[in-house]
Every structure is written in structure tokens, then in C-alpha cells.
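Think of it as A, B, C and D in the order they're written, each chain with its own count starting at 1.
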Amino acid sequence: MSLVPFDPVLAVLIVPLVAAGVLALLPGYRLTARLNVLASLVTLLSALALFVVARPAPNAYFVVDDLNIVFIVLNTFVAFTTSLFSASYIAHELETGRLSTANLRFYHAMYQVMMLGMNLAFLSNNIGLMWVAVEVATLTTVMMVGIYRTHEALEAAWKYFILGSVGIALALFGTILVYMAAQPAVGEGLDAMTWTLLLRHATALDPSLINLAFIFLLLGYGTKVGLVPMHAWLPDAHAEGPTPISAVLSGLLLNVALYAVLRFKLLLAATPGAFAPGALMMTLGLLSLLFAAFMLYRRRDIKRLFAYSSIEHMGIIVFAFGLGGSLANFAGLLHMVMHSLTKSAIFYSVGHIAQVKGTQKLSEIRGLTVSHPVLGWTLVIGVIAIVGAPPFGMFMSEFLLVSTTFARAPLLAVLLVFGLLVAFGALLLRLTGMAFGEPSGSRAPATASHAPTFAHLALVLIAGIYLPPALVVWFQHVASQLG
Amino acid sequence: MDGLALDIAHLFAGGLVLVSFMLLYQDRLSALINVYALHATVLALSVAWQAYIQGAPELYVTAGIAIVFKVVVIPVALHRIIRQLGIHREVETAVGMGLTMLAGIGLVALSLAVMLQFTPGANPLAREDLAFALAVLLLGLLMMVTRRNAVSQVVGFMSLENGLVLAATGAKGMPLVVEISVTFSIIIAFIVIGIFLFRIRERFDTVDVQALDDFRGDRR
Amino acid sequence: MIDSVAAPLWCAAALLATAALAIVLGRSSAATRLVYGATTAISAIALLVAVLRLLSPAPDASSLTLPLGLPWIGAHFRLDALSAFFLVVVNLGGATASLYGLGYGKHEPAPHRVLPFFPAFLAAMNLVVLCDDAFSFLLSWEFMSLTSWALVLAHHREPESQQAGFVYLLMASFGTFALLLAFGLLSGPDGSYAFDAMRAGIHAPTTRALVLVLLLIGAGSKAGLVPLHVWLPLAHPAAPSHVSALMSGVMTKVAIYGFIRVVFDLVGEPAWWTGLLVIVLGSLTAVLGILSALMENDLKRLLAYSTIENVGVIFVSLGLALAFKANGMDMAAALALVAALFHVFNHSLFKSLLFFGAGAILTGTGTRDMDKLGGLIHRMPATSVLFLLGCVAISALPPLNGFASEWLAFQAVLLSPDLPQWALKVAVPAAGGMLALSAALAAACFVKAYGISFLSRPRTTLAEAAHEVDRFSLAAMAILATLCLAAGLLPGFVVDTLAPVTKALLGGRLPMQAESPWLSLVPVAATRGSFNGLLVFLFIALSGALAAWFIHRFGSRALRRAPAWTCGFPEFTTAMQYSAGSFSQPIRRVFGGVAFLAREQVDMPLPGDIRPARLVVSMTDLSWEAIYAPLGRVISLVADHMNFLQFLTIRRYLGIVFLLLVALLLVVAIWK
Amino acid sequence: MEMMAALAVQGVQMALVLLLAPLLTGIVRKIKARLMRRRGASIWQPYRDLLRLMRKDVVLAENASWLFRTAPYLIFATTWVAASLIPTFATGLLFAWSADLIAIVALVGSARFFLALAGMDVGTGFGGIGASREMMIASLAEPAMLLVVFTVALTAASTQLSTIAAFMASDQVGLRVSLGMALVALIMVAIAENSRIPVDNPSTHLELTMIHEAMMLEYSGRHLAMLEFAAFLRLLLYISLIACLFAPWWLASSSDGPTGYVLGIVAYLLKLLAGAVLLALFETAIAKMRVFRVPQFLGAALMLGLLGTLLLFVTRSIT
């Protein structure tokens, strides 16, 4: 259909790489912002091409299958909308002087490198390459979290770096163990690290080594997912970094790490002798859900509030995959997509709210639906969507998850519902405080780009009522594989 | 030949664990960095020896990178950072030295028990390397957990990374591109650490993690 | 086409379109008239369709599946006798509320906060009644809660409506999760969520019992059963009056529909003790509800508590139906279910009428506090007549519909000696006693409501300056009042229309009332007991007219005005009148000690101290103090204790991760 | 043809009830006076009072509303209908099946409802005190009354008065404990409803003690006549209810001819006389209770009614 053999997989990787190179050289914020949006748009289009073009055969380094095709498109779409939001957000930050063009010099380059890392992580067929991609994404986000150079930002970045790197190191050790387990069956070199071959020979893998490897991988990538004992970096990284980065962190990076855990769970499900990781994942999931739910009550900073809400939702998703069964897995996958769309939409409006009100303190933000109707109501709709109320998409995933859990493990379902209710109480309490009542602070109209937020919420609303059959088939196929 | 080669590899790996213990024992920063350089050299030797035994020429590249960066560049950079930032010299520990040593021994025993139990199938060389790598990894973590100042945490982290490189070389036939990119990313990590240490120094005028902790977000 | 499920679905879609239109219209002045006009028309059409479906003898239910909702199941919709009846209740309430809104809406300070959500609320209620699979049922159920939450927050500037909104949505989602768990049980691990699959499935007795308890929690909290009722008196008064009429009159009925649909239709054979549980809860709700209503001084809160009482009465009848069905007495079960459904219809009528009246008072005087009203009968004559009719109906006095449904409930109670179980033998008469007590207290409560607000002399300038409301509000109230009278005079007609519902759910039905002589109500047998509303009404009217004619003919007609007798006190101030609190003081003395731990302390100043003595009355809402306050304290305590985990140092976080890793390795090493 | 006869009997019943009511109260007042060693007014005095009041003109308060003026007729009508539905001298009346015992109790309840409202209309303290205390008493008396109705209806397996009377007259009834309790409860409720001595003093206008009189304080002329007549009717209603339920002998059924009716009427008069004498005796023998002791009094009636129903449930399953 086109002259040059257009391979979307390569395009999705090359475009951010080239863009990063170009953006690193260009000074001046206005031009780089537009270029950044353009690059993200091109990446999105090439990712969308994956739907149209026949799927390329998996080679040594890249693979496109039912699991990652949806997440690549989601990743590039949210990256594109975040770039739009970041353009207007950073422009405002420059005006108010919180950021200078000096320390913004590498911002867009870092942004594109992060995109490269994430896309590579999704596309890579090689577990080692995936590890490197996640490491690259982590390092770039560490730099961006510390961009404001305030005391808190540096402390948050340093904490994020140390905890992230330890986590990633554990993940590397897990990857090496998987390689060791695969070596006798699949042979040495690249083959022992490529997913497709590992899956094909899964029956021959050494089960005991795979179990040990999964523990390291779950702890390693779990740190990047933000599961409770390893979550400490997440709230501060969200609160102190610029809001586009919080949106990317919550929306995409958590998904990337979770995708990695899913890949290895696929492997584990295929290995007969391996012990079921369900119990461990369910405990970590419930622990995160309950811990985050209770921590929501004492939060005083709006972005830290939604960071803990991300931990809570990651807990729900990991619990869903831990429970297993086609319905719960389907619910988990759906929840991942819905959470990233809704949470990034919430962070877009939170970003604008923090700018307009000049503060991130919950106590100083009141009466949004009166002072800034559009921002206020998008926040209300966002929070209603995130707590899993119909007619938004999260309701379907929570419906499936809670009903199957109650049918199979009633006590766990009661715990799950208790966690959800406690979290809902906290979010609703803060939302009522922020969105309603007498407005406080400045009432200057917000010069904000609402397009990304509306796009996300519209998608979530549609998904709540009608899911495209293609997506359903893919997810059901993966859900049955996940075991 | 096989027995002797195994013993020498065993010697190097054991030596790495011993140097990790020495790292735990240091109480002055400059001495700590020198012991880290020693740690890196033992790693390089072990990798070189693995290359010789497995007849895998690309491992020499990893050994070379290890020597160039980890034995020379990183310790020198750390020394300059200490001198330039005027960081006070002692290493404050959060947990008593005796207790840390005991914990270290326990960790080594645990890693040996776990790895040897889990890898009956693999060849003896790989099993040993993995066991010792896990030990070095856990000791690195122990060091990060029990030290107060930032530089000693960084050294702990780098020794942890060395354990990983040992594990990677132990796994016969680990593809070169992964080796290279793993070591490469560790180097980038170190660059980021350097930048941060300067920024922290510029803002906090001390690199003591204690001062850093006072600025935890959303304080009570 | 009439009896197919497509017609009401189109009406629901039209309502959603009106909601979208309202958002687009935003703050333009014509929006109020346009939106309420549209909703009136659509609800009227849906009402017509539902009535035709209910009257037409179409035995089979028509169902439809749309490709929306759960991908592999789709959204099922079904219109059978039960949903047709509740569709009538919903759309009748909807039509009259929108008609009332046409007039009342003009005084709304922030119309843009009410208009988009009102049609969506109506659409959601219509959908709940039509849905035939667990997912779309819960989706429209929670959507109903969401839209009503937004409406409760219409006047969001007052802090108490914010608190009302928060408590309401939290309790609503708690209820929805209970329902979700119940549907999880019914659908089983493989997730067959369609209702017909659940109907066909065989469920273990423990599942059936657990589903019923979960339904009691889920639907009960939405309807207002006692321990879960605390949100209702907060939320209903906070919403604009026509919305609180919808919430009290119609939304609680949709909750009862949910209960009936699952317990009677999906679950199959109930255990006998479930009936006992429902009867006990229902009678407790009835008495506690009306006692709290008596203690209220705010008119709309009084009406909200009285809704709780009527919901209690309905649940007692439902419990009786369950008990009879469990023992295979289909005829008695049919009688009890007809009593419940008749009371559902009646309550939606007179409660909406009373809330419209309260709304009229609010626009007329600007306040809901009864102690500021008084003498409105002279200044708002039309509203006072209609409100009086509502009060007479709700107090279950003979010529009107309240008495008819309560009479049926008593007939059902009188059938209960044939029940074999001992617990039921003791519980049913006690429940009958509690029903009678709550009916008597309801009469007292509405004497107070009417007497204090409409009769006697205006207590404040607000009441003096009261003015009559516009014709739309009066029209809406008049429609409901005439329906109350009609249902009271011709109860046989209503019982006949309910027959197909009981036939579908319980198999048995009451004998045809149409053949009974003079259209009287003969539920079981003529010798057993019958009641003819029309004849009694004519009898009273005739004898009243005869007496009036006789006196005016033979006695005197003279009449003159003079000041009222106040024991000779010179000035006749309004403070001498009884206030709301003083009217309920005797009843508080009798019942308050038990129900509210009511304590009265007289704070008498020391001799020589000239400050006035004060009487302090302290009452506690038992369920709030026993369940919700401690729950709130526990959660904030746990949140406090866990809060330090946000402020640890990096080293300690690393330590936690390190300990977890070591622990896992130990477990794996030992356990493997 | 027999439709006309039934209609005639019903007409006689309504007229009889109307005529006897003032006489009954006159007799009660006469006997009470005699017991207190006073001559007391003649037994026809209530008739003279009613006629006198009907001819006097009505003095209305300034702010009295239309409810104040229409309430008396409504109250009189409902009480008269309730009284005429209770079989006095004959059962199986034409309109008997149009309303059963529960409906009659509800009719009396609606009369009380409108009286309380009328009492509050004028806005003086007395109306308020009367209405609030009346509703407090009603909130206990009505459930007790309904429980009595339950007990009786469960024994006779019907709530239709004529069926109950027929059952009570038949020998199946036997001596039952629950019926005894029902009788005592019914008497206590009758005393409370008719505001007789222990609950409320019918003849006094003392602010603190009057309940029923307080609501009628503002009335005058023909309206007062209507309310007084309603009060007389209510007393007759309760006594004929007790007679019909617990002493249903010689009630003429629709089948036996005029002799049965005459016998029925004579028996009914005797029953009324007995009731009046017993009431007068009871009233002079007991002093008025404090207002907040009345709830215990009525609580006892409620408990008796509930116990009666419970016992009945239990005994039925044993026999």
C-alpha cells in the first residue's frame, strides 16, 4: 500500500528516538513543544497502523501479539494526549516562573526517550531487552521528577531513584534466573530470552527455578507497579514532579511494569510444575488496596491523594490476576486500560486546577464547580469514573471482579468490597470538599486545553456501555492464557 | 582441567563475597571507595576467567568494561565528588557493626540454601555463581539499608550491581547485547547519581541522608 | 407494539436525550420550561404504554437484547406484569413531578444544576425496572443513585446538603456492592449474569438465604429499612421538592421492585425464617420511622421519616408474602403481596402529593421549619385542601386509599394462624400490633404536620406574607389527590389490575373483585370480611348533608365573629399557640425514652440569678450512634495510625522491601 | 320486596341509634348524680340541650377557617355511620358487609382526626393541649382496639360483625381466656375513647384536666350541638359494640319476622341500660388519673390485646 516497506513496529521505536535526538538539540520551548506533540502524533499513527497492517511475525527482538497490541496503542495515545496537555501546562509554568527554559532544555528529549523506553518494553520479544527498556523509562522519569529542583522534588527523585533501582536490580536477577531455567530446554544465547520460544517450550522449563525467578520478578517489577511494601516512591514522585509526568507515571509506567509481570505470569501459567503465584499476588493486591484506601483519608496534597488512588487500583488489578480464571483476568486487563485513561484524565484536570488555584493543598481548593465549571465538572466526572461508578468503564471491570470473587472466595470478596468502600469514602469526602461549597482562591478563568480530558472521559464512557468486539476477543484470548 | 577451572572460578566468586563483607566493615568513605575498586577488580577477574573457561570471547568485553569503568572511572569520580563537596568523611551506620556482620552471614547462608536447592539441574559452575551472586546482591542491599549517608548507599548499590554482572556471566551463553546494555545502563545510573549528588549538595549543602529526610513531602 | 418492551425503552432513550439537551441549553431561561415540558410528555407516554400493558391480558413477557453492556451477554430488557406495574408507578410520579417542576422550577436559584440530572434520573428509574440481566440492572441502579446524588447537591452551598450528599452516595454504593455480591452468588463462578439463567439455575438453600440477606441490605438501604435509613432524612429534604418527591415516592419503590424481582422471581423457594426476618425488620422500621417523624420540626424531614414508616409497612406485607409462600399457602401469599403492591402505589401517590405541598409551602413562605409557619389555610387555600387530602390519605382514614391498602395488610395478618412455625405464630400478631401502632402514630404525626403549618395563626412574618403557588404545581397536586380518592373509592379495580403480577410471581391470585357486589373489596370470602369504599363515602356524605339540611332548615343559620377565648388574657399573641415541639411532647414522653433515649433536664437558675430557666431535651438517633459514629471513628483511628507510613526515611522503606525479600526467600527455602 | 324490608330495618336502626344516644348519656348522668346523693338533671336534659344549642347563633373566632365550620358535620356523619353499622337489635343489615369491624374502628379514628384538627384551628392554647393529648391517647388506644379486633376476628375467623355476632351467639365459642382479655381491653379502650373518668373528665372545663372538652372549647351554637351529639353517639357506639361482641343473645336475624325484631329491640334497650348503670358505677368509684399515668393504663390495654391474640394463636394450634 505504500512504497517503502512500512513496518509499524520499527516506526513506533524509531520516531521517538529520532525526535529525542532532534529535540535535544533545539533550544526554545515553544518550537520543541509543538515538535513533541507532532512526534507523539506520528508514533500514535504508526501504532494505530498495527491494527490495520497484518501483524509482523515475531523475530528475535520484537513481537506483536494479543496482549501488547492494545497496550502499545493505549501507550502512544495517552503519550500523545499528555504531550498536548504538557504543552499548555509547561507554558503556564514558564509564565509563572516556576520553571525556567534552562532546566527545560532536555524536558522534551527526556519525554521522547521515555516514550521510546515504554514502547520498546511493550514490543520487545527479549526479556533482557524489556528489562533495559523499563530501566531507561525509569531513569528518564527520575530526571523529570526532580525538574523543579525544590527540596521536596529532589528528595522525591532521590527516593524514586534508589527504590526504583533496587527494584530493577531484583528484576534483573529474576530475568537471569529465567534465562538459567530456559537454558537446558531452549538452548543458549538469544533464544533462551525470547518470549515466543520460552512460551513454546514452557513445558520443558525447570519449574523450581521459574518459581524463584517469579518471586524476584514480582518484587522487582512490583516496585515499579507500586505494590504496597515497595510503593514508597510513588506518592512523592507524583506529587513533586510536574503534572504531565504524574499523568505518564500513573497512566503508563505502572502499566508497563504490570505488563512485564503479566508476561512472566503467562510463562508461569504455561509451566506445569510451577506453584500458583495467585496467593502471593492476591495478598500483595489486597494489602495495597486496603493500605492505600486508609492512607487516602489523611492526605493534604491533591496529587498525592490521586497517587494513593493509583496504588489502590494497581492493588485491585494485581488481585484480579492473582485470583485467575478467564473472567477475573478479563476484568484485570480491562481495569488496566480504564485506569490509565481515567487517571491520566484526572491528572490533566488536577494539573490545571493546581495552576489556577496556585496550590496543591486540598484545604485551599473549594467550590470548583462554581469558580471553574468545566474543570470542576471534569474532576467530578473523573472521580466518579475512577471509583468505578457506572456508566463508566471501571464499573464493568469491578462488576466482573467482585461477582466472580464472591462466587469463588467469599471472604476475599468481602475484604475487597470493604477496601473499595473505604477508598470511595475518602475520595468522595475530598471531592465534595473541592468541587462544591463556596469557591475559594482565585477565580481567574483557566487557559487550559480540555481536549485531552474530554477525549479520555469519552472513551471511558463509551467503554462502559459498549466494548468493541475485537478488543473483547483479544482480551478473552489473553485471559484464558493467563491461567 | 575441569576440576581446577571450577576451583579457580569458585575462588573468584568466593573472593567477591569476602570483599562485600569488607565493604560492610569500612567506617571511612575513602577506604570504602578503595574497597569498592577492589570489589570491581575481583569481579573483572572472575568474568575474564569465565570467558576463558566458556571460550566466549565477548565476556572479555564485559571484563574490559568492568575494569575501565568500575575499577578506574567510578572510584576516581567518587573520590573527586567527596573532595569537592567536602563531605564529612565518616560513615554513619544505623545498625551496630556486629549486628550487620551477623545479618550478612545469615544472608549468605540463606542465598546458598535457596540457590543450591533450586538449581539441581544446572551445571555446577552456574549454580555456584548464582548462589554467590545472590549473596553479593543481598549484602549490597544490607549495606544500603544500614548506612546513613548517600555516598555509602551509592557504593552499596554499585556493589549490588556487581553481583548482578557476576550472575549474568555465570549464566553460560548470555547474549552479548544484553550484557553490554546491562552494564551500559548501570553506567548511566551512576551518571544520574553523580548529577543528583551535585544537585543535592547544591541545595542541601550536605549529602547526609538525614538532612534529605527532613524534606519528605506532605509532612505531618 | 403496545406490550413490547421497545416502547418504554424508547421513552428512556428520549429522557436521556432530554438530559443531553439540558446540558447543551445550559443556563438559558427557556431551559426550565423546555426540559420539564419534555419530561412531562415523555413520562406521560411511558405511563400510557405501561397502563395499557398492565390492563391488556398479554400473558407472556416481551424481552429484547441489545449488543450493549457485557460483551458476551449483551443488555437484556424485559417487560412483564411486575415491571409494567412499577413502570406505572415510576412514570406517574415522573409525569406529575415534571408538571410540578414546570411551576416550581422557576424559583430554582441554580437551574443548570438540576435540569441535566432530572431527566437522567427518570431515565435511570425506568431502566432499572426494565433491565433483565445483572449488569445492566446494577448499571442503571447505580446511575439512578448518581443522578439523585447530583440532584441532592443542587443546593451545594449549604454544608448540610454537602454532608447529605456524602452520606447518601456512600450508603448507596454500599447497597450496590451488597447487590453485586448477591448477583455474584446467583450467577455462580462462570458468570451467567442474565436473569433467565438465574431463574433457571438451581441454588443451594444457603445461597438463597445469603442472597435474601444481601438483598435486604442492598435494596433495604435504598428503600430505608431501619438500621440503614440514616441517609434518607438527610438526602431527601436537601434535594429540590419535586426531586425529593421523586426520591421518596418513586425511588424507594424502585428499590422495593429490586427486592421483589430478585427474592420472589429469581431466587425461587424462600426459607420460612427469611419471611420472619423481613417482618421483624419491617415492623421495627415502621414504628421507629414514624416516631422519628413525630420528633421533627422540619416539614420535609418529617415527610422523609414518614417514607421510612411506609417502607416498613410494605416490607411487613412482603415478609408475610414470603412466609406464606414458604409454607405453600399461595392464596394468602397473593393477598399479602397485593397488599404490599397496593401500598407501594398508594404511597407513591400521597407521598409525592405531600412533598409537592411542602415544596409549595417552601415557595410560598421561603421556609420549611414548621415553627415559622401557621395560618396558611387562609393564604394558600388550594394547597391547604390538597395537603389535607394527602394527610388524610397517609393516615389511613377510610374514604381514601391509605386505608384500603392497610385494610388488606390487616386481612393478611388475620390469615396467619394457619402458619405452622412457632416463631411466625408469635411474630405475626406482634407485627400486626406494631402496624396498628404505626398507623395511629402516623395519624398523630399528620395532625401535627397539618395543624401546625396550615391551621392556627401565622407565627412569623414569613407565614403572614405567604402566597398561593402557580397553577402547574396545583395541577400536579390535584391529579394526585383525585387519584388518591379514586384508589380509595374503587380499591377492587386496583386489586384486579395487580392480579397478573401475583399470578406471575406466586402462582395464586385473589378472586376477581369485579364480580363482587357493588364493587366492594372481598379478598378471601364475603363472610370473612369485605370493605366498600364507595358505599361508606356515599353513606357519610349523605348523612352529613342530611344533618346540615336538617339544622339549617329547623335550627338557626346565624353566625357572628368574635375574638377567641383566651382565659381572659388581654393580648392574644401567637406565642400562646402550640408549636411543633410542644405538640409531640406527650408522645415523646411516652415513646421517646425507649426509642431515642430522650432525656429532659430543667436547667433552673439559682435563686437571685435572673437568667431564664431552660428546658434541655436531648435525643440520640440510636442507629447513628450505635453503627455509623463508631464506624467513622474506627476508620479515622486506623487512618491516623497508618499515616506515619507516609513519612518514613528512604532507608526504612528499603528495609521493608529487604525484609519482605528475605522473608519470601526463607518461605521458599523452607517450604519447597 | 325484601330489599325494601332490609332498607326499612336499616332505616329503623339508624333512627333508633340517633334517638337513643342522648337518652343513654342522660341516664348515665342521672345515675351518677343519684350515686352522689344529688337529684341531677332529668334523663331528657340532653335533648333539651341539643335543641337549645341548635337554635342559638354560632360565635366564630376571627381566624377560624372553613375547616372549623365543616368539621362538626363531618365528625357527626362519620360517627353516625359507624354507630349505624353495628348490629344493635338485628344482624345481617343491608349495609353491614360494606364495612367490617376494622373499617368501623378507622371511621371513629377519622372522626377523632378531624376533631383534633378542628381543635387546633383557632390557635388558642386549649385547642393545642386537647389535640396533642388526644393524639397521644389515640396512639395507644387505637392499636389496643385493633388488637381486640384481631382477637375477636381470629376466634370467629371473620372481621364481619354480623358473622362474629352469629358465631358468638352460637355454642362453639365456649369460654376462652383470650376473649376475656379482649373484653377487659375493649372496656378500657372504650373508657379512654369516650373520655370517661379515669382518662379524662367529660363534665369539667378545668384547663389542666380536660382533653376532649378542650378541642370543643371554641365551638358554639349548632356546631357545638353536632359535636355533643357525636360524643353521645360515640358512647352508644362503644356500648352497643361491647353488647354485640360479648352479649349477642336475642339479636334478631333477617329471617325471623317482626316479633324477633321487637324482642331484639327490647333486649338491646336492656343491654344499654345495664351498660349505662355499670359505667356510672365505675365512674363514681374511681378518681381521674394524672395525664401521664394514662399511657400505663392504655399500655395495659395494649398488652392485654396482644396477649389475647398471642394466646389465641397458641391455643388454636393445640386444639
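Note that contacts are C-beta pairs under 8 Å (C-beta built on N, C-alpha and C of every residue); 3 or more make two chains touch, one makes a residue touch a chain.
Every value quoted in this text rests on a predicted model; they were computed, and no experiment measured them.
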Pieces of the assembly after leaving out chain C, positions unchanged: A, B | D
item	value
Chain pair with the greatest number of C-beta contact pairs	C-D
Core chain by centroid distance, with centroids computed from Cα atoms only	C
Chain B and chain C, separation of their C-alpha mean positions in angstrom	69
Chain C-chain D separation of Cα centroids, rounded to whole Å	35
Length of the line joining the C-alpha centres of chain A and chain C, rounded to whole Å	44
Between chain B and chain D, centroid-to-centroid distance (C-alpha), Å	101
In chain A, residues with contacts to at least two other chains	158, 162, 166, 170, 208, 211-212, 235
Multi-partner residues of chain D (at least 2 other chains)	none
Residues of chain B whose C-beta touches two or more other chains	114, 117-118, 141, 144, 153, 212-213, 216, 218
Chain pairs in mutual contact under the definition given at the outset	A-B, A-C, B-C, C-D
Touch list for chain B against partner chain A, complex	114, 117-122, 126, 130, 133-134, 137, 141, 144, 150, 153, 157, 160-161, 164, 167-168, 171-175, 177-178, 181-182, 185, 188-189, 192-193, 195-196, 199-200, 203-204, 212-213, 215-218
Contact set on chain C toward chain A in their complex	67-72, 134-135, 138-140, 142-143, 146, 153, 156-157, 159, 162, 165-166, 169-170, 173-174, 177, 180-181, 183-185, 187-191, 193, 635-636, 638-640, 642-643, 645-646, 648, 650, 653-654, 656-657, 660-661, 664-665, 668, 672
For the chain B and chain C complex, residues of the former touching the latter	94, 107, 110-111, 113-114, 117-118, 138, 141-142, 144-145, 147-148, 153, 209-210, 212-213, 216, 218-220
Of all residues in chain C, those that touch chain B in their complex	643, 646-647, 649-651, 654-655, 658, 661-662, 665-666, 668-669, 672
Complex contact set, residues of chain A against chain C	158-159, 162-163, 166-167, 170, 208, 211-212, 215, 219, 223, 229-230, 232-233, 235, 280, 291, 294-298, 325, 327, 369, 384, 387, 389-391, 395-396, 399-400, 402-408, 413-414, 417, 420-422, 424-425, 428-429, 432-433, 436-438, 464-467, 469, 472, 476
